[in-house]
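Here the structure comes first, spelled out in structure tokens, and everything after it is commentary.
We call the chains A, B, C and D, going by the order they appear; numbering starts again at 1 in every chain.
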Amino acid sequence: METTRLETLADGVFAIAATLLIIDVSVEAHGDELGAALAHAWPQYAAYAISFLTIGIMWVNHQAIFRQIGRADHRFQFLNIGLLLCIAFVPFPTRLVAEHLRDDGLQVAAYAYGLTMTATAICFGSLWFYAAVGRRLIADTADERVVRGISRSYLPGAPIYALSTLVAVWSPEASVGLFAAIAIFFALESSLFGGSRP
Amino acid sequence: METTRLETLADGVFAIAATLLIIDVSVEAHGDELGAALAHAWPQYAAYAISFLTIGIMWVNHQAIFRQIGRADHRFQFLNIGLLLCIAFVPFPTRLVAEHLRDDGLQVAAYAYGLTMTATAICFGSLWFYAAVGRRLIADTADERVVRGISRSYLPGAPIYALSTLVAVWSPEASVGLFAAIAIFFALESSLFGGSRP
Amino acid sequence: METTRLETLADGVFAIAATLLIIDVSVEAHGDELGAALAHAWPQYAAYAISFLTIGIMWVNHQAIFRQIGRADHRFQFLNIGLLLCIAFVPFPTRLVAEHLRDDGLQVAAYAYGLTMTATAICFGSLWFYAAVGRRLIADTADERVVRGISRSYLPGAPIYALSTLVAVWSPEASVGLFAAIAIFFALESSLFGGSRP
Amino acid sequence: METTRLETLADGVFAIAATLLIIDVSVEAHGDELGAALAHAWPQYAAYAISFLTIGIMWVNHQAIFRQIGRADHRFQFLNIGLLLCIAFVPFPTRLVAEHLRDDGLQVAAYAYGLTMTATAICFGSLWFYAAVGRRLIADTADERVVRGISRSYLPGAPIYALSTLVAVWSPEASVGLFAAIAIFFALESSLFGGSRP
């Protein structure tokens, strides 16, 4: 079974999930208060940028996985759908964090965001290891060192997000700061050294 | 006539219909009530997950059909558009079920959801049997046993959804439970045994 | 210049414009009034179905055009973008017609819908005739009779929609009925006889 | 690394960002006031058309760039994601300009729109020059004169948008008029002379 339509579907979901984030950015204000209202709404832009970047990183990783994949089976299709289910969910907790960045709801919002990212990392790992173990779905031409490198890089993903979520028990602000730092770190690291991690 | 753009359009509609479901997941609450509000909103997450899974299963089936199809004609194009019309409609009854899961509207919402799924199953069957009867649009390389297997697997789809809808006359809760069970069953069955049904 | 990405962009816009129509279908009601509210909202479903079908017919025509096209140039790209601009606009007048089907606003809503469809038909014609005149962008392998057949079929499109819009001066209901009839006629005719018109 | 999925993702984001613009076009009115309300809402249609055209021009340029690109690397992927982040943001300032075209908020809205377009032009330039300097990612078959032509055409983009934004300090109306004029000029110029600029 070929992977072409799996990738088309995935690209569609990535593009829509990322682009839908802008629907949640909105500012209502009378004319003369627009400047102040736009300045006050900065968490919305930050949330938009961090989430777009996060979904972008996920897309880069999805692509990195599929370059090593030679074929698909039914279980792989459903693991892929489970992953897309998580990714399409990202706009919801993102909105929660942006809305509650400056009130008592931030702790709960940080849990929601962190659990979503942890679940996404677990789905990413499941998709990859299902394909990679015993080179079940790996293309014959794929270099074993690249495959092992991806496997190693997937191990820390879920624990890093789970620990960052736990930090919200003591400080929701620190937890949200960690989520932003992870996104920026992976984007920079990926650009600077060419690695590909969850 | 080739089927490439038919599949691109379909993948787009599947991806958007699935991803749009998250727009309907929303929780408005003051900061200190966010935890309780998020917990109370569980039917929204359940509806999101079940519908995403259902659209995912439909996509797997659409793909399974098109692997056997060798060419398209005008009627097949319109049958495909009719099917997409049903699939893009799914977010609406899904929202109704999630909103009315705990009030008197559940029976009507279950009818709406069930009728949509029954109509979708009928459209899926029409698309397939139009192509399969006399191998009208089947690829020359397609294995006749696979074609017959898909034909057999499409027969129970519409009756199963129609009966589950009927159950709502006596118990809307049981009907909604059946819809969830059907989605989970097909996903598991498809993953475990590799079958492909509506 | 190849037409691959032109078609990908167009398929994306068609898929999104069609699928977005469901966002405008919404029913707010208390539990025990849901049945009556859903029955009362029938213009929304009708508008959804007619518009989805109309966008589907446009997609079939777009595909029929591009099967004859061998290459693109800059002007053709912008004519295509102008056409997509019209098609992505369709959800707005559709919503107007559905909202005002039973009040005094129907006449204005019918004008808005009719003008949008007339403009779309003119854009479709411009795209086609720009490519077809002197076989400017027509593929070398394209059959001249097919090209002439498409040219003939594009002539009545804009006048038919313009006249149906004019009918709203005397009877908005008749005008809206004509719009629905045109969509159903082209879908049936296209399915039954395999023609392809705007 | 091939660029196929980069282009699919980009086409998806372009298609969605453009098509989502219609969600912000809405008119609420009682039946007999619909005509006046629709006439009064003209800035919404103008904003829709200008933004759709602007995103369309960006897509034409994106395509023009990728026709010269032979391969991608990790940094190029992230530059592309950064560009898409800007493009998917366009519907937000567009909505601001349309909402405040006739009140005191226009100055701030013009700054928001202009900054978004300037940032987009900078991202476009970064993407191109990263690929073009030393022909880092340029296809071996690409004509050096075409590559230099694109490089020259990218230099004025960001300054033009930055200056048009500055004009809003004295006259927000003139600034918004310039944004519309730039979009229409590039579309016409591109259609008439076949150039491709930001």
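Basically, contacts are C-beta pairs under 8 Å (C-beta built on N, C-alpha and C of every residue); 3 or more make two chains touch, one makes a residue touch a chain.
Keep in mind that this is a model prediction, so the values were computed, not measured.
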Give the rotation angle, in degrees and rounded to the nearest 5, that superposes the C-alpha atoms of subunit C onto those of its identical copy subunit D. 90
What's the chain with its C-alpha centre farthest out from subunit A? C
For copies subunit B and subunit C, work out whether under half or over half of the interface numbers are shared, and give different or same accordingly. different
Cα centre of subunit A to Cα centre of subunit B, whole Å, reads 26
Give the residues of subunit C touching no fewer than two other chains, as numbers and ranges. 8, 12, 15-16, 20, 23
Okay, in this complex, where on subunit D does subunit C touch? 7-8, 11-12, 14-16, 18-23, 25-27, 29-35, 38, 48-49, 52-53, 56, 59-60, 63, 66-67, 187, 190-192, 194-196
Which part of subunit A faces subunit B closely enough to touch in the complex? 1, 5, 8-9, 12-13, 15-17, 20, 23, 73-75, 77-78, 81, 84-85, 88-89, 91-92, 95-96, 100, 103-106, 108-109, 112
